[in-house]
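Here's a structure for you.
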Amino acid sequence: MATTQLTSISDHNFEQCLKCSICTVYCPVAAVNPAYPGPKQAGPDGERYRLKDPKFFDEALKLCLNCKRCEVACPSDVRIGDLIQQARMKHKSYRPKMRDMMLASTDLVGTMATMVAPITNFTLGLKPVKAVMHGVMAIDKHRTFPAYSQQKFEAWFNKNARDYQNTFAKHVSYFHGCYVNYNFPQLGKDFVTVMNAVGYGVHLLEKEKCCGVAMIANGMYNQARKQGEVNMASMRKSIDQQRPVLTTSSTCTFTMRDEYPELLGINNDGVRDNLSLATRFLFQLVDEGKIKLAFRPEFKMRIAYHTACHMQRMGWAIYSTELLRMIPGLELIELDQNCCGISGTYGFKKENYETSQAIGETLFADIEAAKPDYVSTDCETCKWQIEMSTSVKVLNPISILAQALDIDATRRLNSSEWHRMDA
Amino acid sequence: MNNKNNHYDVIVIGGGITGAGVARDCAMRGLSVLLLERFDYTNGATGRNHGLMHSGARYAVTDKESATECIEENMILRKIASHCVEETDGLFITLPEDDLGYQKTFVEACRAAGIRADIIDPAEARIMEPSVNPDLIGAVRVPDASIDPFRLTVANVVDAQLHGADSLNYHEVTELIISQNRVVGVKARDMYTGEVKEFYADVTINAAGIWGMLIARLAGITINMFPAKGALLIFGHRVNKMVINRCRKPANADILVPDDTVCVIGTTSDRVPIETVDDMRVTDEEVRVLLAEGEKLAPSLATTRILRGYAGVRPLVAADNDPSGRSISRGIVCLDHEERDGMAGFITIVGGKMMTYRLMAQIATDMACSKLGKNAVCETATTPLPGSEQQKPASGKQAFAINAAEGRHGTFASKIKYESDTDRAMVCECEGVSVAEIRYAVENQHVPNLVSLRRRTRVGMGTCQGKLCACRAASLLGRFSGNIAKAQCDLAQFLDERWKGVKPVAWGSALREAQLTATIYQGLCGLDKAIARKEDEK
Amino acid sequence: MKFDTLIVGGGLSGLTCGIALAKRGKRVAIVAGGQNTLHFYGGSMELLGNVNGKDVDNPIEAIAQLNENHPYSKIGADSVAELAKKAKALLADVGIQTIGDATHNHYRITPMGTTKPAWLTIDGMATSDKADQLPWNKVSLVYLEGFIDYPIDFAANGIRQMGVQVETPTISLDCLKRARRSATEMRPTNLAKIFASTSAVAQLAQAINNSCGDADAVLIPAVLGIDNDDVCNMLKAQVNKPLFFLATLPPAVTGVRINAALRHYFQMLGGRYILGDTACKVVTNGDTVTEIRTTKLLDMPLQADNYVIATGSFMSRGLVADFEHVYEPLIGLDTNAPDDHEKWSQYGMMGDQPYMSYGVMTDGNFHPLKDGKTLTNAFAIGQILGGHNPVVMGDGTGVSMITALAVANQIK
């Protein structure tokens, strides 16, 4: 009787649900799409019935964005979003469509597209092509695909940066993610600039695969698991060399830290604690006095910070915002916590377009009202959505830091610091 | 009412499963019948047991006759009451502290009683039933199942009515009308209006379970009954898929049954005075016993949320030749009071088990028929109950609440009409009860109050024990029944009835839930003020 | 991370305390392990509604009748009166206009059509000066088709009992068609998201004008104004009769609005609101708290000069009851609860349940006790404090705000 009723946290965490329905207030989907039964019904209520009989699995669960806002809101710590994803994984009967597979296979499609970037970008933008995609592929015609870069980040890095990384005394590995690699290498370049400035050499992982977030969303669990295992193996090697792994994407980080073990059953022990978001890593170094930042005195910027859903779920937004607040010329507005509606590939699908935009409406209005120079967020798909849906451009906090830092002065501060410690 | 002149062939007293079964059997044999129940159908022991459809294995070693009855009725109920039955099968497990030698005795006794009993390897048992205590050293698989007593009883009542019977719940029999050593009728008080009505019949059948002792007293007759309290606990979800029993001599808390969305551990067994049987409360000692023993069947019960506790009273009958009560029978007792006590027109049917209600009904009806000179064959073993006429409908892709309603009402679910979007709205989100199902129940299933509505539909039986749904359901009940003020009082009574079961387990999530419920109803809604106002009026 | 004050718990008391401190230029962070009980409040704050079974008219005067363990007794009636004024002003600052004051309770009208004493009520909600009398002869109680979280028949019944004629027109709006299609999500807050649009409000106003015959006031469920009261005012302007809102079942739109308004204001003052993270470990050194760890910030300790524990009662998990004990899970503070679970509650749901009055022990300044000794740089505020039964006494929101402000005053 040692444990008798001392805790009610069984394998079935859904039992802590008090049926208070607070989660339904914060579900972006239920408010705009009546086909979705809402987090309470899809999560803890439904789970109880699914345990009785799997026939109670509702295909409408695929309408869940997996934003986890329900979990953040839950006063009882019920893993509502996880319950829904796990139910989908366990019970789903549908197979991913061709379109979903294409959207989810960011690596494959990205590689092909980058090789022929100008053509791809041109074709993806053409009206007839969009019409075909809308009709045949069910990718919404309102969507502009993020442009593919002509040069992959990896190629740029290998050509321009790799050689001098060993000259630094401390090192990190960079999980750049698909978006930096194929669509927006500039963020990767900014990351290298900042890390080098504070005295860290940057290295690529031996092998990097897409984190798999889009595959999870599209039901391609086995593929996601395979890629996850590759990533974990590479990261273990890096960590063994005393190189923690950093990312500039909240979604990739969340997926590899939390969704790998929770949903995919991938063991990330040993990696999880050494896999971090760049802003958190930097904030902690500053907070502990291990690095110093010097800013350009003339730098002025008004920023509206949007907490991406997975960033919110990780609870790390404060690292990014506190880091941004260190910049003297920066005025920070924290946007109210609302989902932008894109949720990775979700918003690209024709059937979800309307829901997706309806979800984002509040956020878009808030952004326009705040009149910032830029929006800042740690998630790349939020960036697409906000740039597609508002007049404001979006920057990752690391890119803002790269612009705000007096790079030379920072480098001097940190190298002298290092030498002094060394001596 | 079908019968205008208040005279029947048979009056059945008691709306538990036995009385409902008797009413059905009588009606199917062409008798005119009135069924009277003091509170709601299933209010007594019928609604307060495990919901276990015994294979008979539990009695095989000690009481072969009961065991044989059980397995025969078990097979019949699978056919005639398929919408009330879930064919889960059961395990009889041997733990290290138990004598594995008993298993052999057990299996042989089962087989002798005609119960299939397969010895299975503990490893296989662990796979078959992942929640089972992994330390088990032996397991036997038997055809136990889970059965819903509420549905079963209501289906019997409904079928009795379809065959011309009248049925009144919330009518308490206060007096037997006796003329020249013959029971010729009863006086019954309408529990809501207080009105006392007289009904007459050639034969009156006392099927009131433990309360049958008090009914018999009304005719000056003594029946030796021993009220035995049994307490049970309901857990928040299904921990087990199969019934789990201990393979040993029957003892406390050795059965864990998966019932609908929950599972139930029980029972204890304690003699209680007859004066107390109307208000059975689960004691802390019982809670501790149930938990301690329950954990041995399925260790995860130690950390699973408990929804509530409840207790019923078994009507144990002592053999007539043994007034001391030492020789208690669990078998069926059918007393012809004309023969036994010189009181004509009066029969008592008692003892037995929920499992054997149909057989009990058959025996009592046979006796009534012979008194009435009626020669009619019993067809209850072959005629499906309403709701079970066909095999369970294959649930396809449809709304959650529709799926859930099909599980509850069987083929009758097709009578639930979803005419508007609002009809589909979910009243009870834990149990998937829609507005349309509530309306169906109110209009067709004798639902004078919220507690009855709960028994018909499971509204308020889920995790939160009626947090938001109690108010929604009470509103709808008021609207569909036309008595809003009463529905509001019902709401308070319903919450109090739910709390009675939660109180013995009020810690952890149950206590949190209770605090939130009180915050909503006492705080936000001011329901306490509505009740106080009602009391002022009185 | 270092702050002047760190508040654990982001509900009414935590936010009130946070705002009071941030207004004085303090660096304050609030760690909120999820949303809070404001979501269950129907638009009124209660200072003290009932003592010894009798409705209270003047809460300040009634404080004298409370026992010494009641949080108000520790503060004293005069100070409570002062703080009550500040609380009302604070709500006005964040954009929540209220009626009422601490020396004279008014009555809020509940969804059951009964009245309960209230201290402050959001402007626009239906209220009355008297317990058993309403200020109208005939009201139109509007029902929105398909909305089952509003027991309109009970409300109508209760209002009729107070001698008011009631009509209950049903309004079926096109803009709610989509909401009705969901079996579960036609909730008050989801309706409020629809009524955030001016065209939906105009539709509602027109429908009300068309259906409210000769009633002298219109009552509608409080399903407008989840962000602010602009749409409420818009509706009032467009309806040609006096219009008031009546609370619904939770989640309560008014509560969500108060919550959001407090949080925005706190953040605007520079406060850090860390939502969805749970304080899991408190490090103490002798009689002081030195740092707090959370489940998500991991190796990053949160440090401050003062720590305020505002984690609420059982339902908010500020207190935990298991099979054997009632305990405060964060620091292991002393509580006033006995160890026998049978004593925690009693039969009769609406009775004075003992567990409702459980809480952590504090000294007269709300410094909590651990192992009988006070923690000198920590405070406990709000529903984690014992000594009162909020549902029976009608003092929950009052205790939350008043103790929060009392503690904010003590923090230098």
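First chain written, first letter: the chains are A, B and C, and each begins at residue 1.
Here is the rule we go by: a residue touches a chain if its C-beta (ideal position, glycine included) is under 8 Å from a C-beta of that chain, and two chains touch if they have at least 3 such contacts.
Everything numeric in this text was worked out from a predicted model, so none of it was measured.
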Chain occupying the middle, per Cα centroid: C
Per Cα centroids, the chain farthest from chain C: B
Geometric centre distance via CA averages, chain C-chain B, whole Å: 42
Geometric centre distance via CA averages, chain C-chain A, whole Å: 35
Length of the line joining the C-alpha centres of chain A and chain B, rounded to whole Å: 53
Chain B residues counted as touching two or more neighbouring chains: 400, 426, 429, 468, 507-508, 512-513, 516
Contacts with 2+ other chains: residues of chain C: 37, 40, 180-181, 183-184, 250, 315, 317, 322-323
Residues of chain A engaged with two or more neighbouring chains: 4-5, 7, 18, 20-21, 37, 40-41, 76
Chain C partner contacts - residues on chain B that touch it in the complex: 281, 284, 399-401, 420-422, 424-427, 429, 434-435, 468, 471-472, 474-476, 478-479, 484-485, 487-488, 491-492, 495-496, 498-500, 503, 506-508, 511-520, 522-531, 533
Chain A residues touching chain C - in the complex, by the definition given at the top: 4-7, 18, 20-22, 24-26, 30-32, 34-38, 40-41, 71-77, 273, 284, 287, 312-316, 318-319, 322, 334, 336-337
Chain A partner contacts - residues on chain C that touch it in the complex: 1, 33-37, 39-40, 178-185, 187, 189-190, 193, 250-251, 256, 260, 264, 267, 272, 274-278, 294-300, 315-317, 322-324
Partner chain B, residues of chain A touching it in the complex: 1, 3-5, 7-12, 14-21, 37, 40-41, 44-46, 48-49, 51-53, 55-56, 58-59, 76
Chain A-facing residues of chain B, complex: 236-238, 258, 260-261, 291-292, 295, 300, 302-306, 395, 397, 400, 403-404, 407, 426, 429-430, 432, 462-464, 467-468, 507-509, 512-513, 516
